[in-house]
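Below is one structure, written out as structure tokens, with a few remarks after it.
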Amino acid sequence: MNVFNAIKRHSEKAGLPPGSIVYTERKKLENPIFRIMDYDKKTIIEKKLTKIEEAFPFKESKRVTWLDITGLHESNVIGRIGEVFELHPLIQEDIVSTGKRPSFADFNSYLFIVLKMLNFDSRTGEIASEHVSLIVGKDYIISFQESDSAAFDSVRERIRDAKWTVRKSGSDYLAYVLIDAIIDNYFKVLEKLGDKMGDLEEELDDNPTQDTLTSINDLKRELIFLRKSIWPLRELINKMQKSESRIIKKQTKVYLSDLYDHVIQAMDTVESFRDLAGSMLDVYMSSVSNRLNEIMKVLTILSTIFIPLTFVSGIYGMNFEFMPEIHWKYGYLFVWGVFIAMALVMIYYFKKKEWI
Amino acid sequence: MNVFNAIKRHSEKAGLPPGSIVYTERKKLENPIFRIMDYDKKTIIEKKLTKIEEAFPFKESKRVTWLDITGLHESNVIGRIGEVFELHPLIQEDIVSTGKRPSFADFNSYLFIVLKMLNFDSRTGEIASEHVSLIVGKDYIISFQESDSAAFDSVRERIRDAKWTVRKSGSDYLAYVLIDAIIDNYFKVLEKLGDKMGDLEEELDDNPTQDTLTSINDLKRELIFLRKSIWPLRELINKMQKSESRIIKKQTKVYLSDLYDHVIQAMDTVESFRDLAGSMLDVYMSSVSNRLNEIMKVLTILSTIFIPLTFVSGIYGMNFEFMPEIHWKYGYLFVWGVFIAMALVMIYYFKKKEWI
Amino acid sequence: MNVFNAIKRHSEKAGLPPGSIVYTERKKLENPIFRIMDYDKKTIIEKKLTKIEEAFPFKESKRVTWLDITGLHESNVIGRIGEVFELHPLIQEDIVSTGKRPSFADFNSYLFIVLKMLNFDSRTGEIASEHVSLIVGKDYIISFQESDSAAFDSVRERIRDAKWTVRKSGSDYLAYVLIDAIIDNYFKVLEKLGDKMGDLEEELDDNPTQDTLTSINDLKRELIFLRKSIWPLRELINKMQKSESRIIKKQTKVYLSDLYDHVIQAMDTVESFRDLAGSMLDVYMSSVSNRLNEIMKVLTILSTIFIPLTFVSGIYGMNFEFMPEIHWKYGYLFVWGVFIAMALVMIYYFKKKEWI
Amino acid sequence: MNVFNAIKRHSEKAGLPPGSIVYTERKKLENPIFRIMDYDKKTIIEKKLTKIEEAFPFKESKRVTWLDITGLHESNVIGRIGEVFELHPLIQEDIVSTGKRPSFADFNSYLFIVLKMLNFDSRTGEIASEHVSLIVGKDYIISFQESDSAAFDSVRERIRDAKWTVRKSGSDYLAYVLIDAIIDNYFKVLEKLGDKMGDLEEELDDNPTQDTLTSINDLKRELIFLRKSIWPLRELINKMQKSESRIIKKQTKVYLSDLYDHVIQAMDTVESFRDLAGSMLDVYMSSVSNRLNEIMKVLTILSTIFIPLTFVSGIYGMNFEFMPEIHWKYGYLFVWGVFIAMALVMIYYFKKKEWI
Amino acid sequence: MNVFNAIKRHSEKAGLPPGSIVYTERKKLENPIFRIMDYDKKTIIEKKLTKIEEAFPFKESKRVTWLDITGLHESNVIGRIGEVFELHPLIQEDIVSTGKRPSFADFNSYLFIVLKMLNFDSRTGEIASEHVSLIVGKDYIISFQESDSAAFDSVRERIRDAKWTVRKSGSDYLAYVLIDAIIDNYFKVLEKLGDKMGDLEEELDDNPTQDTLTSINDLKRELIFLRKSIWPLRELINKMQKSESRIIKKQTKVYLSDLYDHVIQAMDTVESFRDLAGSMLDVYMSSVSNRLNEIMKVLTILSTIFIPLTFVSGIYGMNFEFMPEIHWKYGYLFVWGVFIAMALVMIYYFKKKEWI
């Protein structure tokens, strides 16, 4: 489970000096992939690089440069970038620390943003979380991801077409677009969770089992996890908005405020889902109690009908010498009358109580 | 359900560039309706337009102009207005984003307000939410609604009559009147919910079933939804009050503070309702337990009376050769005496325990 | 119930223009009563007026004038006062809006204070809430109440006697004394609720029934209601303390800070009561479970003793030809020995389990 | 109980003018006791006075004077002190208002501090609360207590010995020492509560009864009470620290910050205890459910073993003419075999289910 | 348990004057150990001292000096250091007050930091807490620990190697490294707790017993304890970051902000664990209820099958003279048919109800 892993990853690093670049996850692809886009209003260069060194000349370009690095397991790549772009050692550590929370830091000549990209893994039915970092300089962005995800594809598509605002804007707008793409994915995950909740509600109505409880608790756990991922975003974007960094231009702040609204909306939904999951638990618990009542009713109805009848039959099974009814001609029939009368009285009683 | 839909709507837009005007709801009427009111203290012009272009000349009018647009599905209408009134692309997107939360933004030359209009749909017994946006300029207001609702009719009525304050005031007072009309509707919805709660309480007293629980949970869900709609209003109106925009005049702020009070009152009521719904759940759970006790009491009383009697009858059903009681003349009568005595003792015991 | 009514009252007014004077309560007395007290250190005039117009000359008096109006159903009275004292239309509306929350507003030439007077109606056993408004001018106070309550009598008594501080002070001190009288009443209501809780606790110890649960929930509801009435007072008095109005003199602020302490104390008590009511619910739920255990114990003890005995008696009721025990001379006695031995073993077993 | 009494005390005073000195508690000692300590670095005077007037000459002393008054029921004593030391009427009221919350007020020429002294009354097993007020002037302290408690004895001891800091410091340090003595007592009370909780946990493990639940709830109630007493202290000491009064010297503030830490620590403990009490409730509830399961298991095991056996014996108790088994020579033995076989199967089944 | 002990320790000191150096714990090692490291970029001196006096000459060293003292039970050692380094008496008290919360205080010429070192004692399976204090001067650090823990070993290792930043930095960076080492240990403890939770979850799935509940509650208790230890760290590091002390250099603040993130991450995990423990409780409670249902089902199924059968067999056990069926040739077979038919009907009924 996600929570436990994040701690394990952290505790494995205990004792190492700060600034150590240690990627504790299982590596998700063979070789890191480097993609570069270098564009302004009119021209655009797009390349897939094989060596990180090929990216460094673009540092001098006056156009907006986006260097996208997929795969964090080769610490020397991170180290090389750190050297060339003069990144603080702690940043180099944070880029690969998958346990690190979403955060925003202003290092004057660049901004450092850590995010979580969430995806619903339809195979396992679980939410997969990926560690994404952005370094936003005056005219470049370096993005680091763990594995090749589709979320940034739509951004690339938009950059290629000169008609979109992104081509006419600077690195700060590109940063906004990338964060927006990540947050949009959260809504997809929330939609999947919503579908799950719908299924669970039907299950609760039809035939809740102990498995249903397990599913409700899994859901609650996923919501706890989502909450942990989304909550810090609020502060992150708030800090970006209030930042006095010259990298973030005034006209971009309107977009950030829109982003802020999206995050609040996602948070609201998570909170609502948590409330709903709580109600589901109540319904489950009550259905368990109701089933017990149901069972006890069956037992009680049957017992109360037959126990007195059995007693009556027991009476006439006694071997007393002097038992007048035994010798009556219609004694047996009479007893049957008693049986039927008693049963009817009981049934009438239960009907009146609305038990049957 | 509302919560799930809002997310779905949002996630459908994932991947689109910001500023895209996409209305993801099922359209609620064939053609958009345009209503214009242009008034000052003395004169008033009221018209129903067929084309949005007919509204643009009023832009130059020195009087207060209210352009009310019903129906958000034609994106080119929104686009045209955006052009003429120089609206920010994000606003044009938000006007049709029905998932957007209530918010207030100051764009210097105009204010942008997003609200939710709530109505109790008496047919489905559910709360229907509509997305309403207001653009408040120095001497005009443009309002956008999804479908034709009665809430603004009373406002129109009041504008037509020159005696009311609205005719003597500017666009900011009109904005207040429109928001007030929307918030007044919340109280109608709350009243309906209050009626529902009253019914549920009676049901709980009389004969609670698993359906009662479902109703309580539906109620809780509606309260969660209401809360999500009303809560952001507090901040919205607070921001309006503290806004330094020259559009909102000082004498209008007293009215806004009154509005703020109404919102707090609505919030208070929602919170009280949530507390009450919580108590209902307790009562329901306890009534289920009580019913189990009731059932078990019946079973226990009957069993404890008849099981010993049956045992006694069993004794005299044994076939031992040497059983003196069998041969007594009044053995059978004696056993009946034993039966009756045992039953009375048991009944006395239960009476003392106050079980019967 | 209070909560539901307050909403209904509000929703009845939906659609009316702001400033409409509409009293939506059932009127509580035939004609409004006007009482005037006009005093300074040395002299005092006290009168009961029949027409509101008789009060207006006192407006010019240099002494402190207290105009107390009981009965809010005649809107023209409120209107007339509004005209003469130049009150804002919204104030005139709020004086009769019984759903309005406690609040404080500074209108420069006067302060407007809305409060709730609470009384424990010993006839119905419920808390009755009354809407009270105060208009505090430089040298006058106008108070509005719904019905004739005893709370202000002690204040009048004190004004009549020249030895008290109130005679030596201005309108702000009188305002303090009136609010203090209202808050003192809250403690009486809390004391009554405390008595109720004491009774409920005894009931819980002795013999809790489903009615006890209903009472606990009624109590919780009353506490929710109290909370809603007291909570806004905190802010109200806080605002008064921090107000820079020249009407509130510096030496009065010490008294306001004392008042603030009283409100906090009342809030504390309400919160403690809520916690206690929560514990009561736990005790009730647990007593229901305990009773079930009790019932099941009786059933189990009896069944486990008699079911095996019945089986034994059944054995010797079988009609096999070859059953040696049947023919033993002391077979029957032996079986009785078995019966008694089995019963004793069972009883010993239950004793050891501490069930009996 | 404490909470209820505090309200009763307050509501008894409703209707009295502010500043009335009314002690509503049962008086705890016959005559008030006056103790005076007047000291500087070198000399010390310690006296037990019989009349309050004897204390007034010390007012002129340049040394630190501590006047300790035990017993609050003689209002004229408080009145006399009020006159001589020029205390605000509200202070005189608060000194005897045992319902007043802990608070701090700066009256320029003196500080007024209200505290609660807590003691665990080992006789009743309950927490006793006492109302303590301190008036801290430039070179004097007047302390008011309800009854003679040991908490201040250690302070007196320390003053008598010239080696301690208190002899070298002013009235502000003495105030710190007195408050410290009171807060130290809180930890003693908490320790006693901790012991109680330990006992309760053992009881829960061994044999929880309905009494255990009552004890848990009493504990929760005491924690609510403690919380109410300690929580305002946080603010009180915070205000003292930030106070700009010239009475509190800079070097004393370090000690106040230490005091603040102690209060937080006490609060933390109360909160932890509340959490623990909550867990205890869970354990209790679960143990009730477990016991029910236990009972039902016994019933079910016994019933399921003997009911089928009884049926079999019933079969061979039937009187059919044609029943071959009856006439078999080993029929009876065979039936015993059936009995034993059935019982073993059942026992095996329950073993497999791990019920026995 | 930890919570109870901390209070006991505090209450033992009640009545002592502030500044008393009293170590209330059982001493954990025979003699205090003194370790000194004195280093700059190039040289390093490392020594284990036998007397504290040997450390004092290093006070004059211009290099960074780290004096590490293990064992707090000899109050004269603390006293001597206090004298030489001119520590405030309250600090000397706090160094040995193991009940003291984590805190940060700026005494101008040095900073005083109190921390808790947590270790998972694998022998007892409990979390052991140790009291650690740091005195951070311009070019020295004195650290106090209760017993010899491994956490600082990695720091020493790093100091010995000249390549690490710590050798090139001042005492503030060393302070950061020490705190970092302590916080890293928290993650180890959290990992252990995570493992425990994993085990508990499996236990819950397999076969939850009353012991499982005890374990869940122990876990909750440990989380409460952890929370109490970690929560104040947030404020501590925040205060360090905002401190204007000249001891903390600007370039170190980036590292503190990284530390802050770690603390938040630890807090997040504790909160998630608390939520998870809450879910576990729900699962436990529900599994108890489910087991009851299971038991009752067995009882009900068996009873409802055999009770009617027994009744039928009872009928033919009656001794009526006139009972035609008795004399039928196939009467007995017919009754067996009835038995089987009834049983099949019942079984079919239960199958349909999905009980079997």
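Think of it as A, B, C, D and E in the order they're written, each chain with its own count starting at 1.
The rule is short, and it goes like this: a contact is a pair of C-beta atoms (placed from the backbone, for glycine too) under 8 Å apart; a residue touches a chain by one contact, two chains touch by 3 or more.
Only a predicted model underlies this, so the values are computations on that prediction, with no experimental measurement involved.
The set of chains touching chain A and also touching chain C is given as B.
Counting hops only between chains that touch, chain A reaches chain E in a minimum of 1. Homomeric contact chain B/chain C: same residue numbering on both sides for under half of the interface positions.
Centre-to-centre separation of chain B and chain D, using mean CA positions: 43 Å. Chain centres here are Cα means. That of chain D falls 26 Å from that of chain E.
Multi-chain contact residues of chain E (touching two or more other chains): 285, 289, 292, 296, 299, 303, 307, 310, 314, 317-319, 323. Per the touch definition, chain B reaches chain A in the complex via residues 3-4, 6-8, 10-11, 13-15, 17-19, 88-90, 94, 99-101, 103, 105, 207, 210, 213-214, 217, 220-221, 224-225, 228, 281, 284-285, 288-289, 291-292, 295-296, 298-299, 302-303, 306-307, 309-310, 313-314, 316-319, 323, 325-332, 335. Every residue of chain D that touches chain E in the complex is listed here, in rising order: 154, 158, 164-166, 177, 180-181, 184-185, 187-188, 190-191, 194, 197-198, 254-255, 257-258, 261-262, 264-265, 268-269, 272-273, 275-276, 279, 282-283, 285-287, 289-290, 292-293, 296-297, 299-300, 303-304, 307-308, 310-311, 314-315, 317-323, 354-355.
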